[in-house]
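Input: structures, listed below.
Presented sequentially are two complexes of chain A, the first with chain B as partner and the second with chain C.
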Partner chain A sequence: MTRAEVLTDLQDRFGDEILNFSDKSQNRVYLEIDPRAIVRMGTYLFRTLGARFNIASGTDMCDFIEVLYHFIIEDLNLLLSIRVKLDRENPEIASLSREIEAFNWIERELMELLGITFTGHPEPKRLLLADNWPEDVYPLRQDYEEWDETADRTRGLNNG
Partner chain B sequence: MSLKLKALLKSPWVFHLSTGSCNNCDIETLDCLTPRFDIERFGMLLVGSIKHADVLLVSGSCNRMSVERLKILWEQVPRPCLVIGIGTCTGSRGLFRDSYNCPVPLDAIIPVDVYIPGCPPKPEAIIAGVVKLIQKVGGA
Partner chain C sequence: MGKTVIPIGPYHPLQEEPEFFTLTVDGETVIDIDVRIGYNHRGIEKLSESRVFENSTFLVERICGICSTSHPYAYTRAVEDIFPMEVPIRAKFIRTIIAEGERIHSHLLWLGLAGHFLGYNTVYMWAWKLREEILDVMEILSGNRNNYAMFKPGGVRRDINAEDIPICLKKIDSIVPTLVMLKMAVLDDPVLHARLKGVGVMSYQEAIDFSALGPTSRASGVARDVRKDSPYGAYDQLDWDMIVTENGDVFDKAVIRILEMFESIKITKYCLEHLPDGPIDANIKDVPVGEGIGHIEAPRGETFHYVKSDGTNRPVRHKVRAPTFMNLPTYKATVKGQTISDATIILAAIDPCYCCTERVAVKNEKGVRLYNGQDLVRLCREKTDRMRKGMAPK
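On to the complex of A and B.
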């Protein structure tokens, strides 16, 4: 399929779920979709279109939590970034790691660093943070505050 | 100077530990071993086990996960042991000072004998730092 065919195909299949479509450049397209459609969308891109799952990235945008799933169709040199906006109070989205193994670790990382709940994740435990890290403290949230009273934030000099 | 320390300084065997560094300091450390710089001519040898080491060479900003491993290694190392901190991260933690994952600097965890600043330090600087360390503790 050519680039134009892929994009029209996606719009035909996921017309209702695509909330915003941004054709940024020749090799970059942003699709904002309904979070409920992520499993269908992800598996369609991965299994049917043969896209490679590159990475997922999350950001706390203050009003909502944004997750970008980056898929690359290498034959077309096209990077599709699937954007979902999650409720900041209760960020929850379906897990893709049962369908695609590559989602497993990045979802665990997003879970511990931003506090997103991935429903149906086969192994919802921490990946990177230390074992003594407190529950419900998410370091990449905008309202993160220092919890460790033993932490030293000086340069090691007397004047700080 | 004890006989042990004197023997140690003749040929310091180095154990290299990265506590979450960006790998640049590790690359420069390995550079020291290449024929161009060749620190083996000073008798320094990189060893694979902490139990053979005379010098513990630490790079990186000591994050919460690696600090636990660093403490385990420090308990196992045969005394006397000298500690070298390579790079700005081990000295002042550099830009990771306010990082949620780097609560304390290296010298709050184990005693450090010499710091080699730089991001990353050049192999020449690393060699100069080690030579200064040997002079400091009373070697040749």
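On to the complex of A and C.
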């Protein structure tokens, strides 16, 4: 399929679920979708269109939490970034790890760093943060506050 | 014999990424593996939010001590992707030279370590000796053996002097005969064939499912290389080949890295000989509101950076994804069903900057230590030795 055919195909299949479509440049397209469609969209891109999953990136936007799933269709040199906006109080989205192994680690990372719940994740255990890190403290949230009273994060600036 | 759990890691002085592996073995066979990372989680993504765009290059340069240029390269491309701009052609060539020089010395480092694990310390000595020559070239070009600080959003920080080019070309030419000898010595060695072929096989489908990257995926027949798929730098202006093999075992991963070094030498030499004239910096003043993605082919696979800007002088979000993040989980596919004496080399085959074997301790169910890390390296070498003796002419 050509670049134009892929984009038309996606709009035909996911027309109702695509909330925003931004054709940024020849090699970059950003699609905002309904979070409920992520499993269908992700597996379609990965399995049917043969896209490779680059990674997902999450950002705390203060009003909501944004997750971008980056896929690349290598034959077309087209990077598709699928954007979902999640409720900040209760960020929850379905996990893709059961369908595609490549999502396993990054979903665990987003769980820890931003506090997003990935429902149906096969092994939702800790990957990055220390074992004594509290359960409900998420370091990449904008309102993160130091919780460890013994930690020295001054990087030597206060030592004389 | 019942199941035994082998903890590997997490710390070792040679390792830059501490990892903790739990191998479950039944007799000699590995039946399960679990990996825990994050022992050296430095919070670089969060730190980058407090750096101005220009300074983040120095920060991300320190993520990896071996392929130090891959992160600044991906990061600068991400910033340059936020708004339409063009990097000067001379800067593109200089970036390519630095990136390929780094690939050569990174692959040589891996080759040496792989030889060391297998008990081929001669390979280790030769590979690291050759690596010194490349590090000298990097020092002539950038002033540093590693952490070159050559990249900035919009171009490069330092120009290459015309009088340095002949010296660099001569040095690069001087390693080729030794590299050819090393290639023949490794690829034609019957013991290495017996030792590495069919070990730690990752199928084509598994490479796709794990979204494996770089030499790890190309050894399984997945023709995937950012330099070819999404050309950047000077790669679309020169003639070079992507190395792909079909078997997916440790041997093929070694073959790919060895042959790739010859391609990198070709690319580096071409760029040095045909370095175009012109400016080396586009002089970016302000970064507007927006988001950008930069990805490049590092020695271990694709490095991916995502930068979001709100129009101020520092990023709102800077996501970093190193290739090992995608390659490490493939252990699940490659280590299961193999023997303990092969686990060391399979784990090393994806080139994860992995050197933690000295921290290994094998305990039985009562907690009595059976093997430590040195014993595991010894087991790995003894197997090579047995094979070597079995093949010796009678």
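Keep this in mind: the second predicted complex is superposed on the first by the 154 of 160 C-alpha atoms of A that agree within 3 Å, B and C clash if a C-alpha of one lies under 4 Å from a C-alpha of the other, contacts with A are read in each partner's own complex, and residues count from 1 in each chain.
Everything that follows uses one rule, which is that a residue touches a chain if its C-beta (ideal position, glycine included) is under 8 Å from a C-beta of that chain, and two chains touch if they have at least 3 such contacts.
This is a predicted model, so every value here is computed, not measured.
A.B. asks: Scan A:152 for contacts with chain B and chain C and give back first, second, both or neither.
C.D. replies: In the superposition, A:152 contacts chain B only.
A.B. asks: Go through the superposed model and pick first if A:119 touches only chain B, second if only chain C, both, or neither.
C.D. replies: Neither partner.
A.B. asks: Should A:53 be classified as contacting the first partner (chain B), the second (chain C), both, or neither?
C.D. replies: second
A.B. asks: Between chain B (first) and chain C (second), which does A:130 come into contact with in this model arrangement: first, second, both, or neither?
C.D. replies: both
A.B. asks: If you tally the residues of chain A touched by each partner, is the higher count for chain B or for chain C?
C.D. replies: C
A.B. asks: Identify the partner contact of A:27: answer first if only chain B is touched, second if only chain C is, both if each is, neither if none is.
C.D. replies: second
A.B. asks: Does the superposition put A:100 against chain B (first), chain C (second), both, or neither?
C.D. replies: second
A.B. asks: May I ask you to decide whether A:74 touches chain B, chain C, both, or neither, giving the answer as first, second, both or neither?
C.D. replies: The answer is second: A:74 touches chain C but not chain B.
A.B. asks: In the superposed arrangement, does A:90 touch chain B (first), chain C (second), both or neither?
C.D. replies: After superposing on A, A:90 lies clear of both chain B and chain C.
A.B. asks: On chain A, what residues does chain B touch that chain C touches as well?
C.D. replies: On chain A, the overlap between the chain B and chain C contacts is residues 128-130, 139.
A.B. asks: So in the complex, which bits of chain C are touching chain A?
C.D. replies: Residues 36-38, 41, 43, 45-46, 81, 84, 208-211, 224, 229-231, 291, 293, 295, 302, 304, 306, 308, 316-317, 319, 321, 325-326, 328-329, 332.
A.B. asks: Note which residues of chain B are touching chain A in the complex, please.
C.D. replies: Per the touch definition, chain B meets chain A at residues 64-65, 68, 91-92, 97-98, 100-101, 103-105, 107-108.
A.B. asks: Provide the residue numbers of chain A that touch chain B in the complex, in ascending order.
C.D. replies: Touch residues, chain A against chain B: 128-130, 132-133, 139, 144, 146, 148, 150-156.
A.B. asks: Mind listing the chain A positions that touch chain C in their complex?
C.D. replies: Result: residues 25, 27-28, 30, 52-55, 57, 59, 68, 70, 72, 74-75, 77, 79, 81, 100-102, 104-106, 126-130, 139-140 of chain A touch chain C.
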